[in-house]
């Protein structure tokens, strides 16, 4: 199979693109994410037809946040869209006349990085996406591991603090409350409140208040050496690295690929993550260490990965 | 291949047995575990020759505590025997003249349960052994998953309490400090010290002091309704169930198989574990739940599993 | 001084009462708590005039949630009313023509219990109020200890879980997130969600949903043996008792007096609290143990205590 | 009363000194700490007679690690010497012919700092000694607060991590496991093991191994900018500052005096402690902040304080 179409459903926009066998995006389009489940299906179909009309694309891969069943056809539960047991594959196939594969968006992104990004040369890869929350994907022996019910790799909801912070999932102490972009902002706000004199750059970038601090402000301020911003990244890195050490005990990959907005800062973030990873890696002296790599495809990973999964059928 | 020999290296004794294709042990022998690395190799060879001399066994599988490299030939590090990069496969092959496969003992036991025990009908199984420590094995899609460097499935050393109890591995807060047999004894001793009047049965089974309480006493006292013993099992179950919920987020298996001394009490332990598992399972309303099953093979699982892995080459 | 007037400012109503030297309330009235700071001052004055008009009361003591300065005149900060550096003493004195003393409500309640309730015979008492949040009061050597800035005894905001639950105070892991009435409801809802079949009584008392569970339902269900309700009280008791053990390390009192809605259930709650206290009490074998007593005055403690503090000037 | 003698019983040596009303030590002597309880009593008496023979000293104050009863006469329990209900006051009085007061060593040191050191101008002071363990002393309203049974101020054994590190006291997660000199060394060893290339100075000061690192090495390396040493102090400071914030919620002092070996580095340590204190101080915007001061008397505080307590009778 040559060309396929990848679709990435985000909270605010849906992106579709024609992708070739080398993972290159040939054509792309975006539409806003409609508020209703039906609207989303129509928007997906519209986006697919838009990019696919002039191409020889033969299949569609859709990456969606949520639990996707093991037939890769139905979204059991989505956090952002009001889908409950939504038969997405069937509905889109009826509209676009091509075979459709549905995959969890983090899995799709992991597959994209594994095939065309940072994963080159590795067959046992754990992808961790540090975005607003934390997503993940598991590649073992060159295959995407989805779990029995299609919902493996929910790294963000591993409990890292007993009796810890409440999470939107209903549990407490989930990793994504400590190592995601949202956690980074919380660290920065708490610290800027306590010691505003050490956060002058950071506060200057927002509206001057701790509550006005956004993730982009923390990144920009850290690059300029703002003490609170740097400390906030360091705190995030402690949790991120400790979590990777746990994942190493569980999966023993040859590489971690770290993506998501938090990782856009590259080694500014990844170096302290690596340090924390090494500190907490069990048996560090007696085993090869997994590499901690930055993702390479940015927000294209999901679209490219979904398209490639559709190619593989 | 018909008959193979399984070897299980324990801290105090080494067991070898001839095993057929159905997982039945036809002949077996035990020798004490020698104190030196060389002695252990000789003892393994001796045990293999003892059970194998009259049989048609064609291969040997060895289960050993520690990190085993991805060629399943070398023990990188063992916690109980002074092995550092021990070429166990080569050394034993030279002595017994049969092909040898070395596997982590928890992996071997997991494989045994998957093939001939509680795992019947499941192809995505996580085995958790709650013994003195906690071991684990991962079966995904019907295959033993070993990780890139052969050291996956070290569930016992996932950090469940930041800044928690020191672990023999050098880290802190490892799961096995909270959900293993050793943890059970600690809970019982702490509680019996604080409220001895609620531990009369328990204290009566040992030497009358909290320090004299052993794991077997806690089990026996719990069966007789001793309050401290029951509470100690309940505390262990809270940690065990929460850990299984984390493993469900990561691996999404169709079943957990729980073995090890702690689980010998069956539903007395497993029912509270299941309750805690359900409490902490993320997305519980939107996904099928993995079953939590008791292991069936007891301490034969490692030997039988190692033999079967040797059969599969 | 003979009669004085005590005022207790609650979130929904303001109570005033004339109190004699034995702590007996002779006359009382209640008015709703107005929404504005000015309204509250007027309502206090109105309530004081209502009960005081026919009496020989000579002074007024006011108990208010929040930080009260060391002159016992100004409320620096209140969590429920929009007071910032509110000169409550001056404003009320101007309106009622009697000397006024302002005290933190938990301190006032502690003083009431010490003088006329469970504290009889003890001069070193720590009062802990397990209500919606957790309040506290410190009596040392027969004197109310207020701290340098009048804000000692904020037991509810001691951090008991690093990186724990967010608290309304802006910090994380505060004790009141784990051992208050609000925590009790959270435990019950989480457990009823996970194992509804073990919460039939509890769910039947509310609207049938976990979200509909209120504190009074948990108490009623626990008395009827509902498993989830009993377990929820037990979880609360674990945290409460461990916190008392910490307070014993710090203050070494001869008695704890436990009040608040959670403690209305008496020994149903206090017995597990005592058990947990003993489990975590440091040096338990080498020191006398503080008693853990139930408060006796209920919600009259604050009013009576405030009145008595006004008497003492 | 003019001159008195202070005695400080340490783990390795016993110091005695004649002290005047201004807290000046006029004469002093040291003897090794004997291994037996009886030997310690004799050594104390010998030291007292040595310094006191030519002086007009009229009373003796003894500071001893452990629980001291409320009559300040009997050591109920000592962690380092095998004392159980040791009638130290009587035994020493019989030997030296002067009135003797026994006080917990941390209380004595707190009193010394309050009277003649950093506490000048403060009447509500919390002293925290970050040494091998953590000791404490409470001065409220200008008086040493000892608790009902003489064992208040055991700050080091407040639980700051549920299910945390085992403590010699039998409990878990005690503050002194995270913010003492011993904790500092643990942090340094863990980090030097994980990232030896960032600990070159530190490792060079010891025997080259992580296990060889001592507290003095961490201090010296931190002054020279060693990354691991600096990070270790920072980790200690996080815990120390958070603990002070808790003590502020409880005691609301006007000042903290921080002493002990860890604080010898002065602002190198205290500045990050202050930062962490401010981060975690509850209600920081609505209350005056306690100062965090360095102790001034060093290891003389206990001797001077014990002497002054004897003067006061």
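Side notes on the structure shown:
We just call them A, B, C and D in the order they show up, numbering each chain from 1.
The definition used in the following text is that a contact is a pair of C-beta atoms (placed from the backbone, for glycine too) under 8 Å apart; a residue touches a chain by one contact, two chains touch by 3 or more.
Note that the structure is a prediction, hence the values are computed from the model and not measured.
Listing every chain that touches chain C and chain D alike gives A, B. When you average the Cα atoms of each chain and compare centres, the chain farthest from chain A turns out to be D. Once the centre of each chain is set as its mean CA position, chain A and chain C turn out to be 46 Å apart. A straight line joining the Cα centres of chain B and chain C is 49 Å long. In chain A, 161-163, 170, 190, 193, 280 are the positions where the chain touches two or more neighbouring chains simultaneously.
Only residues 67, 76-77, 84, 122-124, 140-141, 145-155, 157-162, 169-171, 174, 242, 245-247, 249-254, 280, 282-283, 285-288, 290 of chain B touch chain A when the two sit together in their complex. Residues of chain B that touch chain C in their complex: 162-163, 190-191, 193-195, 198, 275, 278-281, 284.
Against chain D, in their complex, chain B makes its touches with residues 161-166, 170, 172-173, 178, 190, 193.
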